[in-house]
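First, the structure itself, so that you have it in front of you.
All chains are identified by letter, namely A, B, C and D, in their written order; residue positions are counted from 1 within each chain.
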Amino acid sequence: MADLSVSIHKLQLKNPVTTASGTYGYGEEFVEFMDVNRLAAIFVKGITLEHREGNPYPRMAETASGMLNSVGLQNRGVDYFIQHIYPRVRNFDTHIIPNVNGSTIEDYVTVTRKLNEVKGIEAIELNISCPNVKAGGMAFGINRKSAMEATRAVRDVYDKTLIVKLSPNVTDIADMARAVVDAGADAISLVNTFLGMAINAETRRPILGTITGGLSGPAIKPIALRMVWDVFKAVKVPVIGMGGIMNAADAIEFILAGSTAIQVGTANFIDPAASVKILQGVKEYMARQGVSSVKELIGGMIVK
Amino acid sequence: MKKVEDFRVLGHKWLNYSSYIIELEAPEPLSPVQPGNFAEIEISNSPHVFLRRPFSIFDANPLTNTLSFYVKVIGEGTRVLGKARKGDKVNIIYPLGNAFSIPEKKNILVVAGGSGIAPFILYGKAMQKQGKQVTFLLGARKAEDIVLTEMFRPYGEVLITTEDGLLGEKGMVTQHSIFIGKDSPFEHIVTCGPEPMMKAVAGIARKKKVSCEVSLENTMACGFGACLCCIVETVDGNKCVCTEGPVFNINQLTWQT
Amino acid sequence: MADLSVSIHKLQLKNPVTTASGTYGYGEEFVEFMDVNRLAAIFVKGITLEHREGNPYPRMAETASGMLNSVGLQNRGVDYFIQHIYPRVRNFDTHIIPNVNGSTIEDYVTVTRKLNEVKGIEAIELNISCPNVKAGGMAFGINRKSAMEATRAVRDVYDKTLIVKLSPNVTDIADMARAVVDAGADAISLVNTFLGMAINAETRRPILGTITGGLSGPAIKPIALRMVWDVFKAVKVPVIGMGGIMNAADAIEFILAGSTAIQVGTANFIDPAASVKILQGVKEYMARQGVSSVKELIGGMIVK
Amino acid sequence: MKKVEDFRVLGHKWLNYSSYIIELEAPEPLSPVQPGNFAEIEISNSPHVFLRRPFSIFDANPLTNTLSFYVKVIGEGTRVLGKARKGDKVNIIYPLGNAFSIPEKKNILVVAGGSGIAPFILYGKAMQKQGKQVTFLLGARKAEDIVLTEMFRPYGEVLITTEDGLLGEKGMVTQHSIFIGKDSPFEHIVTCGPEPMMKAVAGIARKKKVSCEVSLENTMACGFGACLCCIVETVDGNKCVCTEGPVFNINQLTWQT
């Protein structure tokens, strides 16, 4: 049997397949469709300090091979998560990794402090890249200095594995990666969504309630893949890649470009069992290609 | 039990220039379906459709393991689904969403505009079983858009309004003569159709002080609660139309009358 | 009859539909498929000072609703263009707009000087955004200072309409637009391609000879549209929008987002008559919506 | 005259598990087609295909206004085209590219590997008309991949190599016994197939000092000279395979022998 396990700093994953924040609920929505326990980890939906109602309707626009969303971090706040949601999902045989958000650095720190106390949660994903909130979010992730500040502040209060999720809406993703690693990130995940827009020509109105939103899905895959490769070359910490992964070949490509693990996002909406099918396909690929450990594939793209 | 399954197309029945019923056969015994439930249908043969498309379950037959959908062609997905051929595989997630309630009172009015008729065959059947008395009020802009009246008749009286006046009463559903007068012969109203119509119907229900349920549409990426794209504002905050709806009691909504 | 004419600074266009550089050859390749004279302008393929062989094969990878190219400005140099190509195409009843490239500012200036002398050429498009060349190209377009330098240097030697084409591979497109306008641009065109990558999972090799390439097509449309809107709000000069325009509805959306004219790119490969069909569709839209001048639609997106 | 037209699918003939001939009817009189020309076919019913797909013109019949293509299934586009149904519209740009030359000499050897057989029915027909004598050497890995030998026979002798040895001589085309000995009975070679095979054939041609033309493949975005994506290095710099090829004389190429 091939060895599928990988490690993200101190976090041990039984395989490289996880699901992306905001696209997989808390896992509960998927139990009727697949065996959630086969996943290495679930990145659960974005958590903020306080309850947030998110953005006005409409929040979704379909685009060519992709979609725009403007959910805007609707969630019930970190305390509710810890008291009511986590106890429901902690018994899944998979890592539950909260996605931490804030409008201010203090928010990030407070949320992190609370999560640091939760037994069983071994990593957080610091989201400095949400394009759908007015304050904070992507504003932190597109500026070198504030990205470092947020990372450093959270690092100071967090003992376990700190994954920082980068925004692709930047000129130099490698530089951003280096910055947050310098500031204490144990791993990098990317990409979050690209800032985009859709208009209804007939009504002449924007389709999203917030005018702009975040683009995800296969449309962004070539850019995401390039960014993973850029970041892989730039930093020594593990990279968790995502952006339009729909099938096992996509997952393998992200691994070859330098991902230690991958996140399945938008694909979950179209096929709720996409993630386990991808896992199965990765196993088949390894068998076919005679790869005994998935680690051999990480960054294994052959360049001449 | 929600399922994701490859159904087999049995055929279409075109109702007019732009709407059809498509019947599909499940590979195994149907999951139980409630009136109001919907399904997410994958459109796998168009370069222009990425996400699934939600459709109310029009009819379900547990004996033949078939589902049928009433579809109005409004864009690429509904167009392409109308061209599926007998024997084609179509992947469907179902049943999704909540269901209409069984009202305590007896006299029920169904108000359906356009493709809003879709959930009401199942509803009519269920209410008949419950011994309720249902009246269907169907409205459309043009007479040619009024379809399927014969299918509704076994389950109750069918009233019609058309804006062109060529069928039934002239005007919009909310202008139908049954709404004239202060009292209502109906004790419960359910409605589905364009949002302005549903809001107007909800207004009438409030004025006449009868209970009212609406089946909402929304832009959905998943249909099963994972994306939070399909929210509607309620008195208890935002709710997901796909899991906490599509049926809402108007008292839950923040609609102004 | 509706009024379709628009102006880009001093350049008068009979309608808003033009074709994008590098996707329409010199127009000659399309004469068998459509009436080239119906176009308002042809942005011809990238021109450099010297003859360039471009990048090694393979140069193309298909992606979801898009494609990557790494052509790398293959062309025979500005002198050849002026002496041999322009005389062949100058009699088309449409504007021929050269797309000016360089590895150094001197190159840009020399090419521009030469084009400034050519009778009949009333505008140039300064390409500071080509992602497929090692020196110059996008390097100018992703840095505020060098974008301004290149623009200013070219402005100094060019008397007619100067359109600067921006790279979308930046954090703040509005800021780049303001910068080049400050440096003398008469109009902005955007977007050029997004830097992306494709890997063949089975061979584990990059698909493109240059590893990375430029992403175009409907996949990028939502991001391009958002950038056009950002730029439209930021500058007073006309914007020429592009990125995944496949049909008239797409074109209208770009106009509503702030484009005075649009460029049809990748669509030309799939349907060589796409541009005239789009023009036809724009006319039909205007008739249907009762719009008497296309100018009414520019930036006309209704935001509450 | 290059045209973009909606053809109508007349049908497929499946040749083995992975290849078929698809025949399509033009809406108006065919443009004249030369051996070596190709077409760009639009695949409009898959979410996974964006660009057109290039295929050599396998056969053209000006009397019935039909084109046919020999297609090997290697991915989504070729798979989906194999599922088109009779009557479906398929948009085609044709004829594209240059053609094989008419050699001065009489004895011609055609070497085709895998789907490289596609251009040679038209070629065989044309050469027969010119009074040339053609020998077809077809090679494949497995015997089951050798198809259409009966279609080639009217235009010349058919020789076969398979790597599994189950049909014809065992080995690769370049190992066929006709190549043994210093002299060549053939005065001109044309070849199409996998690049390593074509390079080996070009090597033999050089060694035997006979003229040789190859039909190249490439990744194409347009097929008619607009994108410059499909270049091959030649002694005169990069050339477009789609307009200056796909047929090249090996003397033009920078291939090392």
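One rule holds for everything that comes next: contacts are C-beta pairs under 8 Å (C-beta built on N, C-alpha and C of every residue); 3 or more make two chains touch, one makes a residue touch a chain.
Fair warning: this is a prediction, and the values are worked out from it, not measured in the lab.
Think of each touching pair as a link: the shortest run of links from subunit B to subunit C has 2 of them. Under the contact definition stated at the top, no chain borders both subunit A and subunit B. Greatest Cα centroid separation from subunit D: this falls to B.
Spacing of subunit A relative to subunit C, judged by their CA centroids, is 34 angstrom.
Chain centres here are Cα means. That of subunit C falls 36 Å from that of subunit D. Per-chain Cα centroids separate subunit A from subunit D by 46 Å. Centroids of subunit B and subunit D (each the mean of its C-alpha atoms) stand 54 Å apart.
Those residues of subunit C in touch with two or more other chains are numbered 61, 63-66, 217.
Chain contacts: subunit B has residues 47, 49-50 touching two or more partner chains.
Chain-to-chain contact here is organised cyclically: the chains close a single ring, every chain touching exactly two others. Chain pairs recorded as touching, per the definition above, are A-B, A-C, B-D, C-D.
Residue ranges of subunit C in contact with subunit A, taken from their complex: 61, 63-66, 68, 142, 169-172, 194-199, 201-206, 211-212, 215, 217-223, 225-226, 229, 244, 249, 252-253, 256-257, 285, 289, 297, 300-303. Across the complex, subunit B meets subunit A through its residues 1-4, 42, 48-52, 93, 218-233, 237-238, 243. Residue ranges on subunit A touching subunit B, taken from their complex, read 22-25, 29-30, 32-33, 45, 53-54, 57-67, 69, 71, 74, 217, 266, 268-273. On the subunit D side of its complex with subunit B, the touching residues are 44-47, 49-50, 85.
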